[in-house]
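Just below sit the structures, each encoded as structure tokens.
The two complexes that follow have subunit A in common; it is paired with subunit B in the first and with subunit C in the second.
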Partner chain A sequence: MNVEAISTALIAAAILTSMPLMLAAVGEAIGERAGLLNLGIEGSMLCAAFGSFWIALETGSVTVGLLGGAVVGLGIGLVFGILATVFHANQVVLGLGITLGGTGGTAFLFREGYGSTQPLLALGIGRPFEGWLDWFPVIGPAIGDQRWFVFVAWIMVLAGHFFLWRTRAGLQLRAAGESPFGLESVGGNVTAVRIGAAAIGGVFYGFGGAALSVIELGFFSPGITAGAGFLAVALAMLGRLSPLRVGLFTLAFGLLTGFDTGLQIAGVNARPELLRMLPFAGVVIGLAILGRGVRLPPALGQPYGGIASRR
Partner chain B sequence: MSALPVLPSERTLADSPESDQALASLLESLLAIAVATAISGLMLLVAGHDPLNAFAEFVDRTLLRSAGLQEVLVHTTPLLLAGVAVLIAARAGLWNIGIDGQVLVGALSAAVVGAWLVGANRPVLWVGAVAAALIGGAVWATVPALLRSRWEINEIVTTIMFNYVAISLTAWLVKGPLRDQTLVASQTPLIPPALRFASLGDTRVHIGFPIAVATWLVAAWWLHRSVAGFELRAVGGNPRAARHAMIPVIVVLGAALIASGGLAGLAGGNDVLSTKGAFQAEWYPGYGLSAFALVFLARRHVLALLPAALFLGTLAYGADVMPRAAGIHSAFFSLFEGVLLIVLAAFRWRPWRRLGGGG
Partner chain C sequence: MVDACARQSRLDEDVFMKAHLFRPGRRSSWFHALVLLFLAAPTGPVLAEETAVDRVAIVTPASRTNQGWDQQGVDNLVEVGEALDIEIEVVEDAGYDDITPILNDLASDGTDLIVCHASGYQSVCPEFAQAMGIAVVVVENPAAVTDGLVADIETQAQEAAYLAGVVAGLETRSGTVAVVVSGEPPTWNFMTVGFAEGLHSVNPDATLVYQVIGEAAYDDAPNAKRVTESVIAAGADIVFGMGDGASFGMIQAINEHNLDRETEDQVWFIDVIGDKSGSDAGQYLLTSVLFDYRGAYTELIQQLKDGGFGEVHTMSLENEGVLLLDFASFADPGTLGTVEEVRAQIVNGEIAVSAIGDADGVRARLEELFPR
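And then the complex of A and B:
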């Protein structure tokens, strides 16, 4: 293989592998904009990944599987939203509970259903624009030859961005995290807005988890997210909770961490354990550099008690 | 990014446990256990098991047999230490979600120092390895602690990231530089059973358990009866007021997270010096999230930690025996603990109180 073909393959792999992470990070960003800090994404993604894998395996349809994963994400998002608002649950504890329960629950159900076998999805996934961008060197085929859901994912990110910054509902959503008292004082319903934001975010990370098992890997195994859900929380903060910036940031992150494959091809002999450490160490370094540059919504993580609770 | 503030109402709830509140907390915890048992029992039913049968088997194996009870205490030991670690950070207003990483680094440090001291006599080995575990865990918490206290970078994300760094780093060390080349498996040199923590009498329980209980008692005393403990709780309750009272908030926050890491390291060291004897690659006990279930089951009250730890220790031993005894995968117990945490989180809702009052 020549250098050009290797570069194309590396970039294409980075675009594909960063896509589930990107959807999860944008889902987290939408929730955080409304004041909801969700540490349950790791467990939610596992639930969505397992659900969509199971549905795709049973129905033989990638699309139905993906939609199933989105429904799982929506359901968990609603539960999170309702418990965090109506029930005033502590968001960190709630999120950790969802992660623990989701990790354990999917592992339990997978072992119950499949024992120690490892079923694979042998479903073709269309590449609608294959060859369309071949005229552009290196990057052209890396983008053009992607599986169809990659384009859907990017459209979702753009739609999320448009929704947050250009619609009335998006403005209300941001107000719920920025100034919940202000939102209520102009007649908004903070609880309803936050539950809605949690549901929308849930659809995003539901699709993210589904894309991980059904689109990217074609199989499910317990703990398959390997920290992606927590990386999503960090990437959402590093991308300053703006869906477009989070998306581009995740892509750049995917390209950087994809370098390990490139290094191995180039003959650099590095232990895989050390390479696996890089994304997580990189996030800490990124946070340390940006430091206070990451400005989070003032009401993030706090339950809303209504205007009467204001002191 | 500044720390996520805690609701004022939660602070007062946590810091002034009056007797009627203590009773209410106990009832809530018991109710949470009941709700979690019902939900996860339903899951068992859906998966085609007989929940009542499984429950009877679980109680029989863990609580009704002498060997089971001994194992429960063995499994309680690291959880109690991890719980104290979570609680100390929580009382300072910090979320130490990096317990798992600190456990791994503490365990590896204890394994290396313990193997190095194999020639020395037992107490020297114990003290050296325990100190190594303490220091290892504390060192692993230092970077998040500095970032949090000095530059106000939220410890939630950094401690989680450090878990994954620790998983990879310890795996690399134990497969590479620190590996015992004479063994087939990737692990540090084995500390012979005769040199590990002594058993109490004829039982499986070892001196790690009394050490953990003593640590817990010292922590409880320190938190509620010492000046430093008061300062820590003051910072956790209201950092601004603490600053006005001339408490060095930065130092307290940093020290709390480092101390928390040290205690978590101790939990890892306990396992190496008792049941494991070495640090093995792919060993991942996952005490961190269980410790959160423990602390919130205890409603963040230090004296309630021991009973809560005994409960989670029972679950942990159940996860060990139930796969063979009743064909229920150990992951079921993570599911149970997750449901328990969710229910406990939701229990801040008290319909008989005005919402504005919180609580």
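And then the complex of A and C:
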């Protein structure tokens, strides 16, 4: 048995499968930084996954499909942001509503559109750096042979990190979650900033859902996210709402997910249920250890009524 | 009930005789006797014994469009319903939690028979049948069979899976074959062991890689794809996949691997339950273990009508409840002859395929056949 080939495949699969989750988790982190707790990522990802799949199937273009998914995510993010800030809707209820609506709505649309068939997209997606890193054993080809969108996703994560910590708009966004009154007192518009954060977050998890159906799998089926949206919320907190950390933790989660497969192939005689627990146990342990230092934005989940409401 | 009908029938005859037959001036008595026979026939005991079955329901844990276990059960029952002019109600996506509220709802709608289409419903449905007196069909639970109330379908497809294993053993080029499952329910376990025994019978030196995606990961396509990519990296050139919705993850892993590859380097897929050969998913389909519930459902409904309900119905190669899909064109033509011979040997009892339904038993048998 070729151990090197198996290890490469496991790492490559971990990088690919963690990518949609990573985008969703970073989207959540950006929203939470602005004070918005969105539990509707699961539903949003499903809507984006279905929308991008449908568009890619109709147009024959993966890129157009991906952009379509991002637009769907943007739209849902805007709706969430407006309802949560302008209309002061309860964010938890709103998020769960989006998840329930997205789950049922996409299942209905898929059934209506495709009946009992299961169309598949061709997965001949470009790998721009294929073979470039083969000189480095195991990890080289696992990274170098990835599809182009994996690199775009990591660029998005780095851009999100830079935006949050190195730009004035990012500072305003963080202030909307840390001290919305302070932001308004220096002339900032908390409502606009939060809606903007919800929109940016929406683009991220829109791309996440789209990447799942169009890049990773090449098909859509009802409930395809299988709880990834909720896992994204946990990973965002595990990464202390820092996009770069969130990205790295998600990658570690993906590697742990593949670990059980590696052990099974190696013939380790352990119950697969126990092996499958590894990544989730890792998240729980990680949250217990690293989560102790997490200080969530004080205004997270709180509606903002303006300075006038404080008087 | 029968006595009451017979009594009423005799009463009707007496009244008719007194009123018409012996009245003076009427037609001859033989004519009236014929009329009597004609009138008496519908009240005879034959129809009184048959129970009416107008409405049958099926409860599935997942979507009826998953092109797997759930869809095959629903599609087959709908076909039987159309043929027998019976109303079919489908309750899909019921999950694996307590389905008692669903069963109660079906009972209140006047359902005559409920097909509980999951091994996960092994205890809830027999309990419901006992409590409500409504007939149910369970799968893989022969111990629950009760006269008039609970019947069991044994989807022991190990015989057809054995044939699939023979095909894999003859067709593998790398000598490594993988079994990827989305869980370890009895049905998957029966087929895993059957497949392994078939593989071992023609290719004992092969390497068998056994991978479990997760517990009840029937729709977990992303992990199915990841796991399948890994077994391909481990050298498998034939993947026997049991996944339901997750199967599409396996199929896409194979489709992606085979892009721009020559035939000898391609990986082939062996599917279960439904026929995907004409769809997008059928491109690299070597063969498939097909389930056909129509015979079982027809027989069970007839038994409920006749009063013989409450038996174990085993789907086998002999009654064509399980069968092997015609091979893909890229398979070796000689394989077909071997498979036909083996099939005949299984049907006539020369080959006995193990029926192992528990996960620990599966592991022990695999270790015995293909020690690592």
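Going forward, the second predicted complex is superposed on the first by the 289 of 311 C-alpha atoms of A that agree within 3 Å, B and C clash if a C-alpha of one lies under 4 Å from a C-alpha of the other, contacts with A are read in each partner's own complex, and residues count from 1 in each chain.
Heads up, the rule we're going with is that a contact is a pair of C-beta atoms (placed from the backbone, for glycine too) under 8 Å apart; a residue touches a chain by one contact, two chains touch by 3 or more.
From a predicted model like this one, the values you see are computed outputs, not experimental measurements.
With both complexes brought onto subunit A, simultaneous placement of subunit B and subunit C is prevented by a clash. Contacts of A:97 after superposition on the shared chain: subunit B is touched, whereas subunit C is not.
By the touch criterion defined above, A:302 reaches subunit B but does not reach subunit C.
In the superposed model, A:276 lies in contact with both subunit B and subunit C. Contact with neither subunit B nor subunit C is seen for A:256 once the two complexes are overlaid on the shared chain. After overlaying the two complexes on the shared chain, residue contacts for A:78 are found with neither subunit B nor subunit C. After overlaying the two complexes on the shared chain, residue contacts for A:86 are found with subunit B alone; subunit C is out of touch.
Of the two partner chains, neither subunit B nor subunit C is touched by A:67.
Once chain A of one complex is fitted onto chain A of the other, the partner contacts of A:284 are limited to subunit B, with no touch recorded for subunit C.
Looking at the shared chain after the overlay, A:222 reaches both subunit B and subunit C.
The clashing stretch of subunit B relative to subunit C, chosen from 19-27, 91-99, 181-189 or 289-297, is 181-189 in the chain A superposition. Comparing which residues of subunit A touch subunit B with which touch subunit C, the overlap comprises 107, 111, 222, 273, 276.
Across the complex, subunit A meets subunit C through its residues 1-2, 5-6, 8-10, 12-14, 16-17, 107, 111, 115-120, 122-124, 212, 216-219, 221-224, 226, 257-258, 261-262, 264-265, 267, 269, 272-273, 276.
Only residues 1-2, 4-5, 7-8, 10, 43, 47-48, 95, 97, 143, 147, 151-154, 156-158, 160-165, 168-169, 171-172, 175-176, 289-290, 292-293, 296, 329, 331-346, 348-349, 354-358 of subunit B touch subunit A when the two sit together in their complex.
Against subunit A, in their complex, subunit C makes its touches with residues 63-67, 71, 75, 184, 207, 209-212, 214-215, 219-223, 225-227, 229-235, 245, 248-249, 251-252, 255-256, 259, 279-281, 363, 372.
Contact residues of subunit A toward subunit B in the complex are 37, 39, 43, 83, 86-90, 92-94, 96-105, 107-109, 111-112, 222, 227, 230, 233-234, 237, 271, 273-274, 276-277, 280-281, 283-284, 287-288, 291-292, 294-296, 300-303, 305-306, 308-309, 311.
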